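Both of the next two complexes hold chain A, though its partner changes from chain B to chain C.
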Partner chain A sequence: MSEFDEPVPAPGEIVSTPGADVLVPSTTIRATAIPPTTPAETELSGVVQFSERKQARRENWRLIRRRPAFIVGVFIVLVWTSCAMLGDKITPHDPFKPSSSTHLSPSAKYPFGTDSIGRDVLSRVMVGARDVIKVAPLGALLGVLFGVIIGMVMGYFGGWLDNVLSRIVEAFLSLPVVLVALLAITTLGSSTWVVIGVVSALFTPVVARTVRSAVLAERDLDYVTSAKLRGESSAFVMFKEILPNVSGPIIVELTVRVGYAVFTVATLSFLGAGPQPPSPDWGVQVSDGFRVISASIWWTTFFPAAAIASLVIAVNLIADSVQSVLEAS
Partner chain B sequence: MSAVSASRTTAALAVENLEVAYTVRGIDRAVLRGVSFSIAPGEAYGLVGESGCGKSTTAYAALRYLPRNGKIVRGRVLVGGDDVTGMNTSQLQRFRATEASMVYQDPAQAMNPSVKIGRQLIESFTLLGQSKPVAAKSALDALRRVRIADPVRVMDRYPFQLSGGMQQRVVIAMALACDPKLLVLDEPTTGLDATVEAEVLDLVRVLREESNAAVLLIAHNLGIIRSLCDRVGVMYAGRIVEEGPSHQVFDDPQHPYTVGLLRSLPRHGVRKTERALATIPGILPLIGTDLPTCVFVDRCPLADDLCRDEVPPAAPVGTEGLRFTRCHHPDRIHELVQAPPDVPIGILSSSGANPEVLELTHVSKTFRQRNVNIPALVDVNLQLAEGETLGIVGESGSGKSTLAKTILGIESADSGGAVSLDGHTVAPNTTGRSANDKRAMQMVFQNPDSALNRSWSVRRILMRSVEKLTGIKGDEANARVEALAAHLRLTPRHLDLKPRQLSGGLKQRVAIARAFAGDPRIVVCDEPTSALDVSVQAAILNLLADLQSEEKTSYVFITHDMGVVRYLADRIAVMYLGRIQEVGPTDDVFNGPNHPYTEALLSAIPSVDGEPTSRIRLEGEIPSPANPPSGCVFHPRCPRVIPGVCEVSEPPLREVAPGHAMRCHIPIEQLVELQRKPLTV
Partner chain C sequence: MVRYLLRRLASAVVTLWLLATIVFLIVSVLPGDVGRRVLGPFALKEDVARYNHQIGTDRPLIRQYLTTIRRLFTLDFGNSYQTASSVNKIIFPALFRSGKLALLAFVITIPISIAAGIFAARRQDKPSDRIVVTTGLASSSIPEFVTAAVLLSVFSVHWRLGKVFANPPDGTSVIGQFRYLIMPALAMVVAYFGYITRMSRAGVIHGLQSDYARTATMKGLSKGEVMRRHILRNALAPTITVISVQIGYLFGGIIGVEKVFNYAGLGSTMLNAVTHKDIPVLQAAVLLVGVVYMSSTLLADVLIAFLNPRVRLETTR
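Coming up: the complex of A and B.
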């Protein structure tokens, strides 16, 4: 009997699917930047093959790193993170100490000016990221975690369970975010953990819906049927079989949610549900300075607000880069 | 019918030394390596070859419709004398609107799902400058032209309300709107049932006679090419390696690749008990590979140094100047054509001698949708012996897959029926079945891409099945995985790869290995080779037959390919609307007498051997199972219907010969008589 050995394409090589011929989608150009491997090389080194997934991940990582948007985003995030961590060690003035020089406009000594009780706005903006940088990612992470679990259950089981959960999720989504958050925080107190909990609870339904639709596309694939045929539990199928295949949208969701979380947390502290004065939190500062803005004292509001905006934009730049690279691969 | 190559200026399509490359990761990779052919007006030209050989690229290049990363590196494409390669955007637009049309594989994707058929059709006429009322009339005429019954009503429907065959007719109607000089058909019937496929092919044949359009047909099914095309070009790795009149090329191939393709098909009624199928050793070169050689050299049994050093020129075959082959050794082809050694794959004793493994008694399955009962399986009784293959055939919607799922417990059978394994009744649902019962029944799916978890390595896929099904753990399980892989001719290297790094055939091997992880008694195969190329299909069929003779596994083999089922199956069950219409030993089913439905199925297959088949056309579509016809469910489409009898009562499944039963009112003697002479409807 004549035997044949079938090919192992080089890493990242396009395996044409039957019927599709070799119409290589143009997106693959972006997706992979592996130097071409000749078939001979591939045949010889099993190592290349073995580390293929790692290599794909490395390649994706390299593609992400090459994007200017990603570099700018990471740079801004790093600046705010180091400011928050180093705190008063690097601030030009004591961010908490009042002085007699109140409401000074930006100058060489006080580049961002001073506030109503004479504190340096620059120093306060620098340390003002402390809360946000902790609370936003944690809140987003927890929100994604719960969202994944709920979305997975909705998508996988479907039927009445999906119906019930979908209605609950929709009900949640129809409530005004800020109102719910304020209500929760005024009832439960404004500790950091409550804010994290509130942010995660706000995001869970949104994430659940995204995950649900990704799971819906997977659950009817034959590998799931095959798992059922060998008697796997639903939990195994959901989290060991399906989860790795929907990780792309989940990672994208996570990065996008961090950006929203920054915004939400800042909004909450602006409304007084969160850190309280004299905290230098950006939201608190904006809310402080907001009162005097009509007297043309713009800098106490502008700089912390710009800080919030820069962090949100930075996180979104990162999210965009991650998304476009992951979606292309 | 002109088989003479037309000259450049008069040809409907002339492709001259076309080279196309795709830019992948910044590097241009050659896909077409100098393709030349021409099609005369009114002529049909077929391109065949394995997937990845450049057939579709050629078709797309002919309309300058390459994907964004594709480009024409060299060569020219002339349609009706106009150089397509040199056209600017507006010329190209006009050219595509008026000169050439394309019909794609999936008609559903070629239409806008949210626009009614009528509007879409009218649009293709208004684009040609017709006024709305004129276009509306043209649209109706176009539907009549493609023989759509009740065109007025069809105009008012959405694409999803039409069956696949109807959709493809509409797409063909749109393609013909501009009365093109060139009609490109890219696998136009691949997604359709054999009976519908036959109808669409008939239509194309008739339309060809009516219009003077040249047809370029891309198909992987050699039978379709033979039945439709005057000439055929066999493509391999971006070159046409052999060209000539279809019947000559298929009856007397002159290139080793053509020989290989034809030999890997299960033809001439060959059975697994007679010989293994021939395969083509080796693999298609990757795109972009530099090939200053014969493109087929790595897989050719005749290859020598000359083949490795020089591109073979097109050597004429015969004296008429109609054929050529790009082979350095056309004089040695006969060495290949000689019949392969008749090595049977294991001798399997006839079904009666072996113990029964599976029995279905009165199995029905009724789905409930929006408070309507939809009987998908109706009173199915079947037996399967150890080491036996039961082929299940029928059009889509006949209940084949539901039967498979019900056997496996993916769908639970209605109460009242029973699935018995080795004499004991098993739970209707997988979750209710014992570990042993689960282990005993496994499945091989149609599409290995969907059947294997793409984020798991092959080792993990097999390991999990071994552990879960046999209870073996750790090193022992690993040893078993490796033994299993070796058995399926997978190398240890393959074990650490992800499915997407494997070719289609290798993926299917992994899927088969997984099914065999726990020494199953029964493996249900749902069209396991329909997504594969013929040479790979041959290897998979050989493998399945080998495994069966070694392990005494029984197969339930679902397929729509009559050649495949004839090769592999010991018995065949023909299903229609959830009922078994005929069941019997393979030879009996193929030799007849048959149930009229089987007769129609058998006659619908376009044969690569061009045997004269009297075609039975099935009118209409499978009725909805929710509202089955009265009496014999097949009577509305049956060409041999007895009025006053068939619509009144459903015939029982009657035994007409030992082991051969069918559900038909016509007395068997009469059927024998009727089927002796060809039926023309």
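Coming up: the complex of A and C.
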């Protein structure tokens, strides 16, 4: 327990050590949670655990922030989010008002051209992020929430419960998400909350599998055994003891899932299982636009498609940065 | 080996059964009256009841469930709501057409991405490696329909290199069909290139750093021979696994590609079924995709077992 010999930094104190890029290894964090023998030590180890974990987190966050891919990704996401929130206050034209100037090719007045009923494509692309930017993160968040609970239960309890749930997870994973989502939305209708619910339900199994294997690696460690011997409830051990130690894979999973959610929601709305015309949603716009593409009217398809690509790539750049830093630590 | 195969087959059957149950739960137990959904809100009550009786949705759920399971294992999916003809007559030709498209996509993707993986692995962390990895990450994260729409607008419309509609007229020769299918296939190549490249790159890097590669180099084999005879053989297993998984997942992306190129495959059939609330067709399509996924991963596992003496001779599993 060499880390007990080291001076313990007070919470909030910034520790400057040579080579600050070296992270506090996660084993240190676990080791400090080893069974306390006296009440005094209980308090001490609690403080150590808290401050070191906080410090490791701050360090990781600093490393993530410095990655160029992360900065680019966040910038693009912020641009689309502000477009979605400000909406038609900042668009050059009314995104919903038809005009007589239909199918104009890109020009100074209409940089992205106009569509089949004379609406400005640039304005529509700007407000088109509204649905996906709300639906995708919510779906991913709920999916991760359910996945964490189920995966935690699978990994912690094991046994027949784990066996049965693993089989169900495997069955879910054998189908493309878009396909099952299409089936579910056809039977349930395509309102926003249905799409969010379906996306989260379909992301739950894969998150559960990740969390399960992370929990399996923790389950037999000393700090878990000691918490059990202390007589803590299963819920306490799972969510107060194990959860903080598997937060890395969960955060990675969340960022990766947001990327997949944008992908899935955009595809579903292109396929007609989402917002309906005249919604300016990007998927709906592409679906509208490609019908006239054989007449060389490419701009109504190309710009919303490029917008989808930029958002998906941006979210993946963020996810990739978070993943590289957290998995290295 | 035989025991391993039997175990693997049994687990595939169990997964398929669970899959059919999930699909059944989605279409039957979720709220909503099938007859009402198909006939619309203005249909007479009696008509809705008669329709439900005709298609069997007024029977007890347990009987409907048993029918679904029987259909899965006999591969006879009953009749379509929309046309009243057999679902099999609609679904199997569509699956065949999608299969052709998918085959072309994979024939192009696999060699390119394995070559790119080896290329990147040998130049690990150099700029050329970063370019391959980043391109793969970006291209595999873009939805397939977006790539398809961009390819359609740039190559098929602007440069007139491919066809806008991918359906070849009846009687087109195999080479003639290639011109119709190449653009939609390329959209799928862009989507799946990233995954397979990443996997083969990781496998080769792992091999390059291994003891067996060092031993082989030190006993005097040339670089190319170490790569061919030792590293590639070991990197093959994870690559085969990822390819087999992609074969199942491809049916999620192919729907968008088929819609963009107006190709009459399984994806278009499903979209048509969605518009007309033709649940039996949709259900059959989803289950068939499940069967394809199960078969391809099963085949991959058998292939890997066959290639690897450690798995082949292991008796405990």
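Operating definition for what follows: the second predicted complex is superposed on the first by the 272 of 329 C-alpha atoms of A that agree within 3 Å, B and C clash if a C-alpha of one lies under 4 Å from a C-alpha of the other, contacts with A are read in each partner's own complex, and residues count from 1 in each chain.
Methods note: a residue touches a chain if its C-beta (ideal position, glycine included) is under 8 Å from a C-beta of that chain, and two chains touch if they have at least 3 such contacts.
Note that this is a predicted model, so its numbers are computed, not measured.
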Exercise for the section: Mind working out whether A:267 is in touch with chain B, chain C, both or neither, as first, second, both or neither? Expected result: second
Exercise for the section: Mind working out whether A:171 is in touch with chain B, chain C, both or neither, as first, second, both or neither? Expected result: second
Practice task
Give one of first, second, both or neither to describe whether A:183 is in contact with chain B, with chain C, with both, or with none.
Solution key: second
Exercise for the section: Enumerate the residues of chain A that count as touching chain B in its complex and touching chain C in the other. Expected result: none
Completion exercise
Seen from chain A, its contact residues with chain C in the complex are 167-168, 170-172, 174-180, 182-184, 186-188, 259, 263, 266-267, 270-273, 286-287, 289-290, 293-294, 296, 298, 301-302, 305-306, 308-309, 312-313, 316, 320
Practice task
Going by the contact rule at the top, pick out the chain C residues touching chain A in the complex.
Solution key: 14-16, 18-19, 21-23, 26-27, 30-32, 37, 137-138, 141-146, 149-150, 152-154, 157-158, 164, 248-253, 255-256, 259-260, 270-271, 274-275, 277, 279, 282-283, 285-286, 289-290, 293-294, 297
Exercise for the section: Spell out the residues on chain B that touch chain A in their complex, using ranges where they run on. Expected result: 22-27, 31, 51-57, 60, 67-70, 105, 187, 190, 220, 276, 278-284, 286-289, 340, 343, 408, 410, 430-431, 433, 435, 438, 441-443, 445-447, 449-456, 464-465, 468-469, 489, 493-494, 496-498, 500-506, 514, 518, 531-533, 535-536, 539, 542
Problem - Partner chain B, residues of chain A touching it in the complex - result: 1-26, 28-29, 32-34, 36, 39, 46, 49-50, 52-53, 221-223, 225-226, 228-232, 241, 244-245, 247
